[in-house]
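Below are structures written as C-alpha cells.
Common to both upcoming complexes is chain A, partnered first by chain B, then by chain C.
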Partner chain A sequence: MAYGNNTDGSRRLGDYISRVVDAISSQDGVALAELLAVSGGSYCDFVASALDITKDASRVVRQVEKVAPLGDMMLQHMRCMHCFFHRHYVDAFNALEKSANAFLQEFRNWESAWAMQALHTIVYDLRTVAELADKEITENGKMPDKLKGAGSFLMKVFGALAGKGPKRVGALYVTCQLFKVYFKLGTVHLCRSVIRSIETARVFDFEEFPTRDRVTYMYYTGRLEVFNDNFVLADQKLVYALSHCNPAKASNIRMVLKYLIPVKLSLGTLPKYSLLQRYNLLEYKEVVQALRMGDIRLLRHALQTHEDQFLRSGVYLVLEKLELQVCRRLMKKIYILQKQKDPGRAHQVKMDSVLKALRWLNIDMDIDEVECIMAILIHRNFIKGYFSHKSKVVVLSKQDAFPVLSARPLTS
Partner chain B sequence: MGSREWSDSWTRGRRNWSGDGGRSGRGGRNSQTRPGDGSFGSARGRGYGRGGYEQETNVWSSNSSAWHEERTHGFKGETQNATSAHARVLQGGNREWGFLGEASYARMDALQTAVDEDVSLAIIGTCTDMCPAREREQRERLRDLAVFERVNGNTSKTSAELAVKKFCRTFSSTSLHPSDVRPLPVLWRTQRYLLCMLDRRDYSFETVHAFLFDRTRAIRQELGMQSILNSQAICMLEEIVRFHIMSERELRERTAGAGREVDLHLNLQQLSKALLTLLTMYSTEYSINGRRCPTEAEFHCYYVLLNLGDHDHFKAEPLSLWFRGMHQSVLKSSVMHFARTVLRCYRNENYRGFFESVRKATYLQACLMELFFSQMRGIALKLLNQGGYKLHPYPMADIAKMLLMKETDADELCKSYGLETGIDKSTKALSLLAKQAQFTPPEKDVFRHQCSLINSKRAASYYQQVTETEVDQ
Partner chain C sequence: SKLDSANSFMNEPNSGLSKKKKKKNKKKNNGITVSPIERNQQIHLNPERMAQRKARFEETQSKRNTFNPNTSPLNEVSEDLAIDFNNSSAIVGTCLDLEKEYLRLTSAPDPSTVRPIHVLKRSLEMVINHWKQYQDYGYACDQMKSIRQDITVQCIRDSFTVQVYETHARIALEKGDHEEFNQCQSQLKVLYEEIDSNNRKEFIGYLILYYIFSQNKSDLQIFLRKLSKDDVNDEVISHALQVRSAWALKCYHKLFKLYLSAPRMAGYLMDWFLLRERIQALKVIVKSYRPTIPVTFIQKELSF
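What follows is the complex of A and B.
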C-alpha cells in the first residue's frame, strides 16, 4: 500500500491537486464533489496513502498553493482524509471542520450554485465523521461533542443558503442532514427554527426542491408530528413522503410505513395484511388484529412482545393509545351480541357485562375503571350515549352508537 | 364500520393513496400538502404554547451546550464574536427572516445560561471552608449575609462555620483562583451541613428553601466546573433533585394564591436542570466505568413524571425519543413500570387509573404527580359532566374518593368549573348533577388544598426524605 518513494507521493498529490484546480476553474461541481468526498469517497484512500509516503511536507504546502484561495482548505481536507484512512476520527473531524469553514467562506463568494454538490458532500461527511468521532470519544471515556459541533456548522451552512439567489435550492438537503443530527442527539427541538424557515419564509418554494430532499424532509417532519401526537398532520406529511418516494426503493417505503401505520391506526384505518407482509412490518400484525377483534389482551401482548422494537422507533406510546379504540371495538361486539339476544334492550349495556368480557380476556379491572373508560369513550366520540353511576349501566344511543372514527376521508 | 381498510388502489397506483384526489402527488402552490400549515409555527396559535417565552427559555437552557460550542470556534475571517456572527448569519440580513429573531434571541439566552452550570474548566479547587475566605470578607463588608450565616444576628459578621459559598452566575475563567473553588470533600461536607438545615423550625420553610436553593446551585456549579464525576457526586446530585421535588410541594402549599408562582417556576427549572445533569452523569458513568447505579431507575421515573405533559409543547426531546436510549436494567425496573403506567393513564385521560396510581406512589413520586392533579381532576369532572346520566346524580363522596379530595373540596371544585351540585332527593347525599351546566374552566387556578393521602407518605424528616431512597409501596 505505502510503496513508492517521496517523489512518487508528491507526484500523486500533485495529480490530485491539479484535478481539484481543474474542477474549480471549470466550475464542475460534480467532479469537485467526488474529489472531496471523504467517507465512501474514491479519492480518500488515494490521497491518504500518498500522504503516507510523502516525507516532505513543504512540497505539499507548495503544491497546495496552486489551489488558492482554497490552499489552506485543501491542506486541512487532505489531512482529514489521511486521519480518516487511519481511523483517527476525532482528528479527521477537527481537520474537516476547518476545511469546511474555509470552503463555506469561498462558497459564499461564488455567485452561482455550481459548487452545491461539493458543499453537500462536505456537509454529509461532516455529519458521518462526527458520528464516528463521537464514538471514539465515548470509547475513551469522555463526553462526546463533535456531532453537536457538526450541527452548529450545518446551521451556518443553512444560513448561507437561505437567500434569494439560486443557492436556496440546496437548503433542504442541509435541513435533512440537520434533522439526522438532531434526531441522533435527541435534541429535536432544535429542528424548530429550520422548519419554520422552510415552511414560512417566502424565499422558499417547497415544490422547487429536489424530490429526494422533499421526501426526506416530510419523513422527518412527519415523525416529529407523530411524537407530538398530531396525527392528522403526521398523516399528511408521511403520505406525501410515501407518494413521492421512488417505488423501487422498498427500504425507504418501509421506513415511512413504519411510522405511517401507527398514524393510520390512530385515525381508524387498518392496513391489509398483505401490505405488512410485503414490507416486512409484521410487528404490527397483532396490533391490527387486536383492533379488528376488540381484543385488549392481544394488544397488550403485542406491545410487550415487540416492546424493544417499538420503543426504539418511538411509536410505542402511540400504539399504547390504541387501547381505547380496542375498547370501542369490544363494546361494539358486546352490543352486537346483545342485539342478537334481545334487540329491544341491546342498547343498554351493563358495566358488569363489560367487566365480565374483560375478565374473560384476563384483564383485571374494577367497575370504577370500567366507568372511567366509558366516560372517555363517550368524550372522544368513540361511542354515543351516556352512563349511570347509580345503575352501573351504559346506555348507547339508539342511532349511530358507534360513529365512524373521526379522520379525514381517505377517498375523496 | 368503525375501521376501514385501505383500498386496493394502494397497490395499483400510489397516486390514489392519499385521499386528496392525488393533489399531493401533483404538487403545486396550493397543494393541500404544501407544508404551509406551519404545524410548528402555529403550535402557539392552537393554544398549545402556554407560558410562551418562559417555556422557551427552559427548553433552550437545558440544552445550551450545543450553542456553547459556537463560542470556541475561532476560524480565519470571523473576527467578531461568534455569537453575533451566528445571529447575523441566521438572520441573513433578509427581512423575511424577521420571525427568526425569536429563535436567535433564545439562543443568545441559551449561551448565557451555558455559563452557569455546564462549564467545565478542569480546575482543581483548594478551598477548605464552605465559603472561601475572600468571599467571606467581601460579603461581610457589603453586609450580604443570609440569616443563617450571621454570627449572633450580626449582619456584617460571619464565620467559617456559618458562611456558605453563594452561587455566582457570571465569572471569568481568568480571575478564578483555585482557593476560591471547593474540592469534592468540602462540597460533600457543605451539602451535609445544608441538608441538616431542612428540618429547622426557627425559620420559615421559604427562607430555608431560598438559602438551600442558591447554595446547592453553587455546589452543582463547582462539581461541573471541576468535572467531578463519581458515586459521591452522583449521590449529591440525587439529594439535590429530591430536595427540589419535595420543595416544590412545600412551596406550593405555602404560596398558593399569594402570587409567588415565580419561585415555583424557578424551583421547577432548577429541578429540571439538576435532573438532566444527573441523568447525563449516569450515562457517562456507565460508558466510562461500566457501572450502573442502583438508584438510576428512581430518577428516570422522576423524569417521566415531571414530563408527563410533554407533547403539548416542544420539549428538548419528546418522551418517545427519550425512551429509545433507555438501558434494559432501568426499563425493566418496577419503578419505571410504575412511571409508564402513570404516563399511559395520563395520555389516555384515564383519571381513575391516574389517581389509583397515586395511592401506590412513593412520597416524591406523588409530589411530582401532584403537579398534574388540577388537570386530571378537571378532565374527570368534564367527562363525568358530559357522559353522566342527568337523572342520576353522581354522589360527591364517590367523586371525592376517586379524586383524592375531601367532599367539601370536591364540591367547591365542581362549582369553580361552573358545574351544578345539589342534594340528591332520594339519597340525601351531596351530588354532581350532570349535564345541567356547561363545563367552564376558571380564569385562574386558585383552588388549593392539601392532599392528606400524600402527606401520609412523608418520611419522618425532610433530611431523611432527601437522603434516602424510598421503598415502593
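What follows is the complex of A and C.
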C-alpha cells in the first residue's frame, strides 16, 4: 500500500519524529503514549507505510533536531512498527526490546513520573507482541522464548519503579502485566518475588494505587491462593476484586466469578442459578445441583463433561474436592429420612443404608471404601459422631450432627 | 591402573580428587559391595521382584550385544594433541576406557578423556550389569554421572541420551534417591519435547507421582492440562492419575489399594510418600473409629 515517493516518506517520518520530540520536551505523557503505541496504536500504520517508501530512515532520524539521545530508540521503535504492520512478529519484538531498553534508560533519568503512561504502553506492547512472536516461532517448529524475554525485561522495569518516590504508583500496573506473562507461561512460582516487593513496603500503600490495577492485582493473587488451596485468602481477595470492579464490565466480573464460585462452593456457599445464568457460567450448574442434592453421580458427571474447560482454568482440582461435601449432603438426607421414619434411632446410620443409597445412584463402592469416606467426613468435622467398625454403623452426635460448613476449622 | 595411562590433567596428584574418592578407587573391584539393607529393600531382594527387574532392564537392552565387563579394553592415547579448545562446538572423544570416575569439569575437557558414543554404549551396559549384580549405588551413580558428562560435552542429544537419563532415573528410583531422580527426570522432560521414546508415557506417570511426593499442587495442575487423551490410556499414567485423585480426596483406602497394584516401577515412587500418607490415614482412623479397631484391619487398609 505504498504511495508517494521517497521525499514524501522522509517528510512523514520527520513529521512523526518531531512530534515525539515535542511530546518529550513538553513532558506530555499522554501524547507520547499515543505516539508510541504499536498494537492498536493510531500511528503504527502511518509510520509503517512511510517506512515502506523511505530509503534511509536513519538519516531522517538524525536530521530531526533535538532527537538525541532517543535517536536510536526511535529507529528501533519505527522498525518495530514496520515489522508489526507486515506481521513479522519476531522481528517486531526484537526491535521493540531494543527500543524499550533505550527508553527505560532515559526514563530512569527523568525525575518525575510524567512518562508513566508511555512506559505502560511500551510494557503492554512488549507483552502482546511477544505473545504473537511466540506463536510465530511455534508455527515454525521451534521453542518459543520471546515471552520469557519480555518477562525478564518487565522485571527490570518493575525494579525501576518499585522503590519509593513518585514513580511507585505505576508499579502495580507492571506487576499485573508480569502476572499475565507468568500465568501464560505457566511459571506462576515467579510471581512470589514480585508480590513480596509490593506487599512489604513499610506502610503498605495498596489503596494508593489506581482502582483498575488493584482489581487486576487482587484477581491474580486470588487465583494464586486458589492454586495453593488457601480458600479463605482466595475468598477475601476475589471478593475484593469483585466489589471494586466496575459493574458495567460484565466480562471482568465473569472472570472473577469463574474463580470465586469454586472457592465459595468449597466454603459452603452456593450461588443462585440466576447468577450463573446472568454471567454465562452455566458449566457450574450441575455442580451446584449435585451439592444441593447430595448426588455424587451428578458431580462426577459434571466434572467429566467439562473436564477440559475446568482443567484449562485450573479449577478442576478444587471442584474435585467437593465430592466430600456432596457425600455429607447425602448423609444428611439419609438422616432426615430416618428421622421421619423412626426418630428414636435416627442417629444411627447403618452402612447398609448408605450402600443402598449409593447403589441407587449407580455408584459402585465396596464397603471398605464407604467406611473410609465416613471416617474422613468425621475427621474433617463434616459430621459429628463416630464409626463403629464391628457393627458397621455411623453413630451421629445427638446435637448438631451436621455442623454448618463455614464453621469448620479449615484443614488443608 | 587404566586411569593413570590416560594423558589427562585430571589425574595429577592435586587434581581435586577428595580423599574419600581415592579410597573408593581402591575398594572398587574388591568383591561384592552391597549397600545397607533398608526395610524396603527386603521386598526388593525378593526373587519375584528381582526377576521383574531383570526383565525391565532386558527390555532396554534388547538390541545390544552382551558385553563381558571383565575384559579391560586397550587404551589408546590420542596422538592428536593439537586440539582446539576454543572451538565451542561439540568435541569428539577418543578415550576408550569403559569405566570413568565422575569429576566436575573446571575447564574445557581433553578429548582423550572423553569417551565417544560407541564406548559409552558399552559403558552403559557395564554399569547396568554391575548394578544388577552388586547393588553398589555409589559406584553406579558415579559412573552414570560421568557418562552423562561425556554425552553433554560431545553435545550428543538423541535417543541414546534419553536412554542414559532413563537408566539413571531407574537406578535412582530403586535406590530411593529423590534428588538424583528429580534431576534426571527434569532433563527427560525437556528431552521428550524433541526426542520420542517408548518409555515417555511411563516417565510421565512417574512425574505425576513425583509431584504428589513433593506436594507440588500448582505445578501438578498445570501439568495435568498438558496430558493428551492418548496419554491418559497408558497403564502407568492412568494408575498415577487414580493415585492422584485418591490422594486429593485423602481417600486412604483407595490409595493403598492402588499401591498394591502399582505397575512397573511406580511402587518405588509411592514408597517415598507412603509413610506420610500412612500417618495421615492413622490420624483419621484414630479420630473417627470407636471404641476399638483391630490391628488386622489397619494392617489390611494401609497395606502393611
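By our rule, the second predicted complex is superposed on the first by the 397 of 412 C-alpha atoms of A that agree within 3 Å, B and C clash if a C-alpha of one lies under 4 Å from a C-alpha of the other, contacts with A are read in each partner's own complex, and residues count from 1 in each chain.
Heads up, the rule we're going with is that a contact is a pair of C-beta atoms (placed from the backbone, for glycine too) under 8 Å apart; a residue touches a chain by one contact, two chains touch by 3 or more.
Please read these numbers as outputs of a predicted model, since none were measured by experiment.
Sharing chain A, do chain B and chain C clash or fit in the superposition?
Because the two structures are overlaid on the shared chain, the partners are seen to clash.
Which chain, chain B or chain C, is in touch with more residues of chain A?
B
Of the partners chain B and chain C, which touch A:E207 in the superposed model: first, second, both, neither?
After superposition on chain A, A:E207 lies in contact with chain B alone.
Scan A:H389 for contacts with chain B and chain C and give back first, second, both or neither.
A:H389 contacts both chain B and chain C.
Considering only touches as defined above, state whether A:L317 meets chain B (first), chain C (second), both or neither.
Both partners, chain B and chain C.
Is A:R192 touching the first partner chain B, the second partner chain C, both, or neither of them?
first
Which parts of chain A are in contact with chain B and also with chain C?
143, 186, 188-189, 227-229, 311-312, 314, 316-317, 320-321, 323-324, 368-369, 371-376, 378-379, 386-389.
Looking at the complex, which residues from chain A come into contact with chain B?
Contacts found on chain A: 72, 97-98, 101-102, 105, 138, 141-143, 145, 148-149, 151-152, 155-156, 159-160, 162-164, 183, 185-190, 192-193, 195-203, 205-207, 217-218, 221, 224-230, 233, 236-237, 239-240, 242-244, 247, 264, 268-272, 274-275, 291-292, 311-312, 314-318, 320-321, 323-325, 328-329, 332, 368-369, 371-376, 378-379, 382, 385-391, 395, 402-405, 408-412.
In their complex, what parts of chain C are in touch with chain A?
For chain C paired with chain A, touching residues are 193, 217-222, 224-225, 245, 248-254, 283-285, 287-294, 297, 301.
Could you list, by residue number, the parts of chain B that touch chain A in their complex?
1-7, 10-11, 14-21, 24-25, 27-29, 31-41, 59-60, 63, 65-67, 69-70, 73, 75-77, 86, 89-90, 92, 94, 96-97, 99-100, 103, 280, 284, 287-288, 311, 314-326, 331, 343-344, 347-353, 356, 382-384, 386-390, 392-395, 398, 402
Which of the residues in chain A come into contact with chain C in the complex?
Residues 143, 186, 188-189, 227-229, 311-312, 314, 316-317, 320-321, 323-324, 368-369, 371-376, 378-379, 386-389 of chain A touch chain C in their complex.
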